[in-house]
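Look for chain A in each of the two complexes below; its partner is chain B in the first and chain C in the second.
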Partner chain A sequence: MAEEKKARRPVDPNSAKYKLGKIASDAFADAIEAKKEGKPVAWVSSNFPVEIPETLGLATAYPENQAAGIAARGAGERMCEVAEADGYSNDICAYARISMAYAKLKECPEQDVAMPDVLLCCNNICNCMIKWYENLAIELNIPMILLDIPFNPDYEVSQAEIDYVSAQFWDAVHTLENLFDLKWSDERFKEVTGFSCRSSRAWLDATAQAKYTPSPFNGFDLLNHMAVMVTARGKEAAGEAMEQLLKEYKENHENGTSTYRGEEKYRVMFEGIACWPYLRATSHGLRDRGINMVTTIYADAFGFDYHSFDEMIAAYCSVPNAINLEKSRDKRIKLCKDNNVEGLLVHTNRSCKLWSGFMSEMSRQIGEACGIPVTSFDGDQADPRNFSEAQYDTRVQGLMEIMEANKEAKGE
Partner chain B sequence: MVNEIFDQFHKIATAPRAQMDSYLQQGKKVVLTSPVYTPEEILHSMGFVPMGAWGADVELNRSKEYFPAFLCSIVQSMLELGINGAYKGASAIVIPSLCDTLKTLGENWKYAVKDIPFIPMTYPQHRKPAYGIAYTKAGYERVIHDLEKLGGKFDAAALAESNRIYNRHNQVMRRAEEVLANHPEITAAQRSDLFKSAFFMLKEEHTALVEQLIKELEGTAPAAENLPVIVSGILTDAPQLNAIMDELGFHIVADDVAAQSRQYRTDVPEGEDALQALAEKFGNMDNCSVLYNVEKPRVQWIVDTAKERNAKGVIVVMTKFCDPEEFDYVMIKKACEKADIPATLIEVDRQMKQFEQIRTNLETFRDMVNM
Partner chain C sequence: MITLGIDIGSTTSKCILLRDGKEIIGKSLLVGGMGTDSPKKAMDTVLKECEITPEDVARTIVTGYGRKNFEFGDGEVSELTCHGLGGRFVFPELRSVIDIGGQDAKVIVLSESGRMSNFVMNDKCAAGTGRFLDVMATILQMDIGDFDACAAKSSDPASISSTCTVFAESEVISQLANGVKREDLIAGICSSVAARVSALARRAGVMPMVCMSGGVAKNGAVRRALSESLDMEIAVDPLAQYFGAIGAALYAYRQAIK
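Showing the complex of A and B:
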């Protein structure tokens, strides 16, 4: 007799999970609908100020989100190979390869998006983004707007940087107004910044609930919910859903429950972008050992809470990957300490030279500062050819054994 | 005489440490300059000897404690040399954040090579608008501030003079490049030495030597043409690569190489404020994979130059893991196909020992072009 398949429990439509999932999927659907209605659509990089397209009422799609979705649904390799056949090296970021392939094919059943009329690029996460969008602009023959936010080698954001980025911000607004006959409204901008800050505050609060032991949530939840922070943080519904998430996490703590199934024996911080093609393997590798990934830098990454225009610009200049080692390290040390982290699991991501390039030194410093073991594994955010489940398992097992020994030494 | 001058270039290009020691013995301070662009004029004007640090063909060992394997070997070898003491005596290193890997080099440098301070240079990608020029200038002021901590003194008149010295050097390098295009007997190895030696000499000294070379070459009858090609990439100084190019009869009639001609295309414009003028120079720079331009004029530059110089093909020398170049390659390939210019891609890195695959690739390319 065939094994009976467990039916999936329907998700409660009043839950944060349902609401956040709907916002994320609506983001793709809304842009497709807008395109059908003849409205312009922008492809936007993840840390571009959403305040611009949202205020102008420009429909958006996020290629990084799309690539993550495609990779999670198993089509990463197929799409990467399309780009490689056109001459793109397999050393190039897999999100970029998937996106270049989509620009060529204009369809991918695993995650379709509306084709763009303009590209909104911001390099505060990497300069690879510039090259990727340059090539998209040429292949699709559409305008590209670059908001250049250089890597900051200093701890604080300088006034020179704020002035430089602010000037570009308004240039971008005026270019979009002229391109698509849109109108900037200060009133609408104020409303959007309010929504964005509201979403950010709720997100920060929700992720901070991992301060409790056991954590009221499984950290892998954050990887999914993050999509809303990327694509929709400037929308009212995002703020509401994030507040719902916070409420649920608080209730979980009060009720002694958690979205983490099983006993939480160990608490780790996960460093790097998720291995989307192996989400299940990476998640189960932890869960099977009683390890909960209680925090990631994403918990901090989308904390765009500001009180003035300059503070908003400074926030975009301070996202992970735009800041120096010391600031990056200190943010992570705080997360580790606030959330009682016992080990650091680092994804050495073949797709991300910037994120992986000073991770060895930084994670050594974090390990020392927090007195926790650090281990890394090789993987990739979207190209399944760069991950070995056996290596992952061995490394996680090693990490667990050190955490276990540490607990014994402390008499826990 | 021509060969004697090239011998001097070769000696300097292959012994940067001796050059550095010589400057140090003269009581000068040396500041290392990283790929791809740095404001050398400022360093020069403040009394430092800028010396190019583009890594070396060395085995990687200690740098692996910092970098994963999939980062560019130029940067990895720079860190290796820094850790091993090859740059000992340098007062500082200036590293711009023009690509993702360079960003990480600066951060690692602070902890891996503590005796040579890291001076960051942050350039804007919107180079041309007034706000971009202002930001470049702010970056320069930051570099000046750090150099002052090392005992340098900034003086606008001195910078104006250094700007002139660098412009003059640019001009002779451009002229030399044109002259070499008419002299197929000059080998790829010699050509590489000419460019590489420029990183290890004060520019006024290099200018004098290059002027001699130009004079001698202009009085020499060129040999019969070999196979004229354009070379594009970040770095093409590997001796084995140049030996293969020479054996196979390629004559480099123009280059789009970051460590070569890309350095010398743009002069500091005239202007009363020398620092502002230097910032404007960066504003005028273009045609490079690490300088944003959505039109990618570099691609058309390669096609147009190939036609102007009667090149029979384009050889793209890809430094492995250099994603800015890897993205541009796709467009170069397409443009060459459209213009009916044969193009080939070879991959190099600084740990490469076996060049047989490259030989086979270039041999096939030569035969195909000659068909």
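Showing the complex of A and C:
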């Protein structure tokens, strides 16, 4: 008998899910439209100050976001192989390989983007980004603007670092003005920063609703919604949609409902970039055991709240991969404690050597400080060849069994 | 009350019949694990040998990589929990289990009361697992059961620098060609497994009393190298390969009396 396909319920157009989904898809469509109209398009790294292109009215596309979409829709391996055939090692970040493949093919039905006229690169998220964008610049013969935010070995951001990055910020603005005949407006900048902070505040407040037990949402929702924070946090519509999301989460808590289906028996923090090619397997592996991933620093990383220009720069200097182990650890410990986390699941992501490299020691320290079990699994943010479902399953089950034993020992 | 534990690994299937959570009344081990008919045969064998019908079994728990696809169990539990339970059944003072199986290696740390408090497993690489030893035995045209005695004759263990099974294979072939003695190579191979697993053990927070489980527990050369590397005594028991199945049977008993 043919399997009956469940009809999907139409999404309420007033819901946050609908609004956020539309903003995310519009982000790609708007850039394609701008390109058709002959306007310049920038490819932008995810933690580049969005305030610059948004204030200048420069259309944007985000290769990391595109690569995640391509991987989630099953084309990661095909695109990676195109890049590998051109000599890019499979040790290189899979987002970079997918992006290099797209720069060559200029099409991928799983997620097309407008081709760029300029590259806006910021290395606060990783240094591989620099070589990735340099290669794009050479292959596409277009300019690249680098905002250098080096890894900060100190706990706090110094004024010297703020000054260093601020000078580059204005240099990037002037370069873009000259390249594309754009005009910076302080008034527009003020408006954009207002939108960006509004989106960020609502987003961070929404993710913080996991402080309630049970959580009013399934943490995997955040992985979808965060696309808006990456690509459109400086837009007015993003702030509105994030406030709607916050409102819904608060209502869920008041009504005793949640987007997490089933009984929330255990609460974990997920560490690392999502394993996009296996989002369903990784999500169901948790859900089937009553585990809710209630928090992840990966989602919060795209919330930038500030009250002055210097604070904005400091926020961009404080993204998770640019700060030292102690500060990174303390941020995560706070998330674990604020959200009553009972276990930590670490994605050892072959693509992201930086993140996976420091997690071995950091997760040990977090586990000790919070008194929670920690386990890791091997995977990849976009290359499906680096994940084993059986391995994931055994480790998640082991983690669950420790959490279960801990509850029994506490008499819960 | 009789309970049954079945451990379906990647290369073997093991069954244990337990009476009242205390006494092992039967066991079986068949080569062939997940994806073969060995799990069912192993179950039929132990039931037949003990003259017990499936109806006499109060509860059956399945563990190991094949735990999800075996239709004759009442439930499944990870091999991590089961190796901890099984090890503790045999060694009541046990705090750490080092399990080296066919395709993975894991270190399980137990609390004072015996519950699993931490575990670390190998990554997606076969180095440091039974598979690594199988590949090396094939190259050396030896029975893996002879590794222990052969390694004991070594006076100068060879250094196997490659951590990858495939690269180590060519390294061993090249050392053989260069006239390195077979016993020195085998001692080096066992040390290389031990080095990899002892790193996992340290990460997990290994503490005495330590025992080994899984098929590689039978390999005295690996055991000795591990013991040296960790500077800890490593206990072993003839039932080491059955720890997963013992733990599953014990888990089944605890569930059944709840």
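Rule of thumb we're sticking to: the second predicted complex is superposed on the first by the 411 of 412 C-alpha atoms of A that agree within 3 Å, B and C clash if a C-alpha of one lies under 4 Å from a C-alpha of the other, contacts with A are read in each partner's own complex, and residues count from 1 in each chain.
In the analysis below, contacts are C-beta pairs under 8 Å (C-beta built on N, C-alpha and C of every residue); 3 or more make two chains touch, one makes a residue touch a chain.
For clarity, every value in this text was computed on a predicted model and none was experimentally measured.
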In the superposed arrangement, which partner chain does A:137 touch: chain B (first), chain C (second), both, or neither?
first
Looking at A:375, would you say it contacts chain B, chain C, both, or neither? Reply first, second, both or neither.
second
Let me test your reading of the model: by the given contact rule, A:23 touches which partner, first (chain B), second (chain C), both or neither?
neither
Of the two partner chains, chain B (first) and chain C (second), which one does A:405 touch, if any: first, second, both, or neither?
second
Contact-wise, after the overlay, does A:390 reach chain B, chain C, both or neither (first, second, both, neither)?
second
With the two structures laid over each other on chain A, which partner does A:158 touch: chain B (first), chain C (second), both, or neither?
first
In the superposed arrangement, does A:348 touch chain B (first), chain C (second), both or neither?
both
Which partner reaches more residues of chain A, chain B or chain C?
B
Can you pull the chain A residues that chain B and chain C both touch?
348, 360
For the complex, give me every residue of chain A touching chain C.
348, 360, 364, 373-375, 378, 386, 388, 390-391, 393-395, 397-398, 401-402, 405-406, 408-409
Can you list the residues on chain B that touch chain A in the complex?
65-68, 70-71, 97-101, 103-108, 110-112, 120, 122-126, 129, 131-132, 134-135, 138, 289-290, 292-294, 296, 318, 320-321, 323-324, 326-331, 333
Contacts from chain A onto chain B in the complex sit at residues 86-89, 91-93, 96, 123, 126-128, 130-132, 134-135, 137-138, 143-144, 146, 148, 150-154, 158, 160-161, 163-164, 167-168, 171, 324-325, 348, 350, 353-354, 356-362
Quick one: which bits of chain C touch chain A in the complex? Just the residue numbers, please.
65, 68, 77-81, 104, 111, 113, 115-119, 121, 123-124, 203
